[in-house]
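Presented sequentially are two complexes of chain A, the first with chain B as partner and the second with chain C.
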Partner chain A sequence: MATITIDPVNRIEGHLKVEMTVNDLSGLVSGAKCTGNLFRGFEMIMNKRDPRDAPVIVQRI
Partner chain B sequence: MVRITRRDFLKYCSIAAGALGLSASTMMKVEKVLANTAAPTVVWISGAACTGCTMSLLNSVFYTTVDDVLLNRINLAYLDTAMATAGAYVNGFPYGGANSITESHKVFTEGKPFVLVVEGAIPTARPAGSLIDGDYCRIGDLTGDGSNTETVLGNVKKFAALDNCLAVLSVGTCSSFGGIPGAQGNVTGAKGVAFSGTAMGGAIVSNGSAVNSIIVKNSGSGYSYADSLTVAITGGYPSTNATASATIGMKITVTAAGSGYDTANLPIVTISGGGGTGATASATIRNGGIASVEVTNQGTGYNGSAITVAITKSSGDLTGAATAVATTGVTRVNVGIGGADYKSIPDVTISGGTGTGATAYVASLLKGAVKTRTGLAAKVINISGCPPHPDWIVGTIAHILDTHLTLPAVNTNYQPVDYGYKEYQCNAGPCPWRYNNAAAKDGYNPRYPEGDSKDLGKYKWTRDDLGCLGILGCKGRKTKADCSRRRWNSDEALTYGVNWCVGSRAGCHGCTEPAFPDKVGKFFTFV
Partner chain C sequence: MTGTYVNTLPDNGRIIQNIIQGCDLVMSHITHLYHLSALDFINTSGYPSMGPWLPSYTASDMLVATGADTNTTANTLVLHYVQALAIRRKCHTAGALFSGRQPIQNAMVPGGVTTLFSSTMPGAVTIADSGGPFNATTTQAKFKSLMNEVRAFINTKYIPDVLTVAGAYGKFWTEGIGCQQLLAYGDYPVTAAGKMAIKRGAVEGLTKRTFNQANIREFVNSSYYTYDVLDAGTGKHPYSGVTVPNMGSGGYSWIKSPRLIGSGAASTVFEVGPLARMVMTYLCPTTQVTASENGLASADTLGTVLGLGPLASYTVTQLVNAAVNKAHHSAWVGATLLNTPLTAELGHLYSALGRHAARALEAKYIADLMAGGSDGIAPWVDQLAANGKCYTYSKIPKVVCKGYGLTEAPRGALGHWIQIEGKKVAKYQCVVPSTWNFSPLADGNPGPVEQALNNSHVGTTPTDMIVNILRLVHPFDCCIACAVHVLNPEGKETLKFAIGPDGKPSNVEIKG
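Moving on to the complex of A and B:
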């Protein structure tokens, strides 16, 4: 069982990681997972704000 | 025709990072840059970013286009948004070594001079269950098996601390001041590069605070105009002490309002005694009495001895005269230098002179108002904006290249004053709505409110009026940026753009300011 890791993934400014496991015998991908490596917590930042400010802030996601 | 292997091809792409849709002919330019050893190396790291700053940079045409910058002017060693390669080709290439995007690079192995560009805020907090600070954002994989990743905080610290790091360009408000990811309520501890404090290794200036203004609480009495007062600012644990000086003047306090003052019985204020000459004052009438007396000319020579004030009437009527007392004391305390890194509000003591009783206090500290850059912060240029105008970025980069790697002049926020950050939005253009003659003819008063919220009551604006947008929350009068002159989306070299936020009747959100987004206030509320 071989594992292939792509980190960083380009064009997504470096905060994405992709891991795959490949079956040695069949050559088929037996598992794949994708990790977002950046957390900013927009949900917490939006707490207790003027609702009109929401589109101004979350457009910066 | 030189034969290159697929491996070499990817290597070239990775080094020059010019994969913005490279054709065969532009690929040759890449090789030219590779041959040009004089081109400064640029390492572009993305932190807690939305990549909007990169996108803005791609719109550059004013000074030069972005492909010219990337392909001909600089040797862009790393930019994960634009480079062609990913994964192991980044980790392992181009220089092998520790199989890492950071340590594998020439800036480490050969000490080659380079410019570090940081986009996005730097998370500094440690998530629950993690063993390292700033684990909210990781880039790269040190060992290639996913077990040992590096944080943006670690990467920026490592790069910025190198002696061969000539400058750190914080592109965008996030990497300059924390921006949206650093807004109130965030859990990631996201900060700007120069303001990441001890998390950045201690040498970068922390989020210092300076004395903003000093308010006179009690002006005291008996001071002489000739006195030289000492204003001591103590406590607050600063790294640099603030300094201040006191101005002595005359103040008149009404003790009895009197009666019978009107347009036929105008008040006349006469000041005598006190050892001086030339002081004059004018009185304000309210309900027939004297509400206040303002000194209009401080005169000269007053030495603190008793002053006599008489408030007579122009008609000669002697009944119902108001009474007042005049004292000479501290009328103003002026901050000289604001100091740096105040942890708490310091105390103010006024001493010296012939008088007694003058007291003053520090009303507030100005966050981040550090006047001097020390350590790693001396390398930082904050090209703030959400996003910054491409001209501000390219102009700063071009300045650094054209002046053989010297940094442009900066203001107290470390923004390059000559590339966008000299004036407030209202003045830089000037703003088209600041004084709108057409609106004035239609019966509206479109005047700029001069920063006084009390004035706003005079202006009955609605959303349909073509006046100042301040009442709708425009932050332009507190925002240093030249959008109002430069405008956005230029399509020709050396030509200003077609429009800007305020030009389309949307208020400025103050996105270039350190206070963005919290302290500029609610976006649609006057502050």
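Moving on to the complex of A and C:
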């Protein structure tokens, strides 16, 4: 059994890590884990702002 | 805002919002196949050792592009990779005719759009002029001209290329199966009454389940966030949701885990995205919106490519049937393609290839609705009334109010929940598509991508493993946590900092 980690996963938008165990003989995957490596925090940015700012700011997500 | 204090949009506002969103979706889908996924299948070692061909991994089963001027499958795919760069730009240009700029458009506002759709303003600008803005008639003509090029590319290159990749990598019809439960919020209201081109609902296998936004819960069991002691381990509906970062929480991801309870499905894990939208719409045959290939030369239609003849009118059911049949029986042509495929063949949509196929078909459907219409109904761009109202003003109420918006981003179901107090945002929670798909373990189950990786086969050599894992992950079209770069007008970085485990910035470095 081998533990495979790809960090970062390329050709995506954002920063992602995937980790899993692969059976050496069959290539079968188990125990996969996805990790988002960046905090977003738009909820905090929006707090106490004019609600009409929302479409402009949150579309950056 | 619509749903919180804004009532209905005027027709022009609704249609222009659909068009802006549709152009972004088509652009995103084309980019995804060629620029984010194609190199999972093509070995470009015959091309110069430079970007975008490097860095890359080479698996043992890749189609080899020699770089020579010969018409091999792989060389053609590379040629289309380059052509797709121009096509995605045309999608942006077409959308920007209405939105001012794409992406990150700035025309959509609560109540409609700020677009001026006037027959006389800004004067008699001809289509030959490269700049804008244009008056209503010129805008419509220019939009159709651009979108028809995009539609021809989808029909004669994008969809055939997906079928080509499927033909060469047939085993990926059964790899990356995942949770086999789908969720679509639905979008693209085609009537003022709210009839949607993309249907809303939850699906288990090929069976519809109950969806109610009140049943959405976000868990943080495996995420770097903390809930109150009383709520630890349970999910919160976005109205009562909180975002309190805590890297010491014992989790393993900054992504929360949205789950849907009370749907009647086997588990609370749901995959979102083009596959969810196309399957959900497929399962609503009686209320489907037809699209058409009108406005295209016969040779540029998918119907002709498949041997059906130009499709004056088609439904999502017919489109999916034709593509699934063609993928599994490449020799089939004509009306046989429209028969309902075997249940097992439809079931193969739950796979790495199924996700690519659904994305390509959706790009066609939306592009055709925008510029082709259907029999008897004008394309969206021609439904716009010159000088018509594009915006309705609504006053932000002084009283406390709350609301939510459910829509479909290119990557999948997108929901925002807002509470307003004293005319200011008191609470805001976004549950975005990749949060559903890339969520960590919660409520007893791994997230959709984790499940798609589990029980898949990725080979036994390191490079095969890497490439096969990417082939399984990429079809989910990840879009997570964009970074914010603070630059001055000269493009120089002005501020650099790290977010600490407590969620507060540290190591702040002002670079001037």
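Here is the rule we go by: the second predicted complex is superposed on the first by the 54 of 61 C-alpha atoms of A that agree within 3 Å, B and C clash if a C-alpha of one lies under 4 Å from a C-alpha of the other, contacts with A are read in each partner's own complex, and residues count from 1 in each chain.
FYI, a residue touches a chain if its C-beta (ideal position, glycine included) is under 8 Å from a C-beta of that chain, and two chains touch if they have at least 3 such contacts.
Just so it is clear, the model here is predicted, and its values are computed rather than measured.
Peer 1: Taking the superposition on A as described, I'd like to know which of chain B and chain C A:P51 touches: first, second, both or neither.
Peer 2: Only chain C is touched by A:P51; chain B is not.
Peer 1: Residues of chain A touched by chain B versus by chain C: which partner has the larger set?
Peer 2: For chain A, the partner with the higher number of touched residues is C.
Peer 1: Which of the two partners, first being chain B and second being chain C, lies in contact with A:G27: first, second, both, or neither?
Peer 2: second
Peer 1: In the overlaid three-chain picture, which partner chain does A:R60 touch, first (chain B) or second (chain C), both, or neither?
Peer 2: both
Peer 1: Is A:T5 touching anything from chain B or chain C once the two structures are fitted on A? First, second, both or neither.
Peer 2: A:T5 contacts chain B only, not chain C.
Peer 1: Tell me which partner A:G41 touches in the superposition: chain B (first), chain C (second), both or neither.
Peer 2: Both chain B and chain C are touched by A:G41.
Peer 1: Once the two structures are superposed, pull the chain A residues common to the chain B and chain C interfaces.
Peer 2: 6, 9-15, 18, 37-41, 44, 46-50, 52, 56, 60-61
Peer 1: Would you pull the chain B residues touching chain A in the complex into a rising list?
Peer 2: Residue list for chain B touching chain A: 46, 48-52, 54, 80-88, 90-91, 101, 119-120, 123, 127, 136-141, 144-146, 149, 179-181, 183-188, 190, 386, 509, 517, 522-525.
Peer 1: Touching chain A in the complex: which residues of chain C?
Peer 2: It comes out as residues 1, 4, 35-37, 39, 55, 104-106, 108-110, 224, 243, 245, 252-255, 396, 416, 418, 420, 423-430, 432, 434, 438-441, 446-447, 449-451, 453-460, 464-466, 468-470, 473-474, 477-484, 499, 503.
Peer 1: Would you mind writing out the residues of chain A in touch with chain B in their complex?
Peer 2: Spelled out, the residues of chain A in touch with chain B are 3, 5-15, 17-19, 37-41, 44-50, 52-53, 56-57, 60-61.
Peer 1: Would you mind writing out the residues of chain A in touch with chain C in their complex?
Peer 2: It is residues 4, 6, 9-16, 18, 20, 22, 24-44, 46-52, 54-56, 58-61 of chain A that touch chain C.
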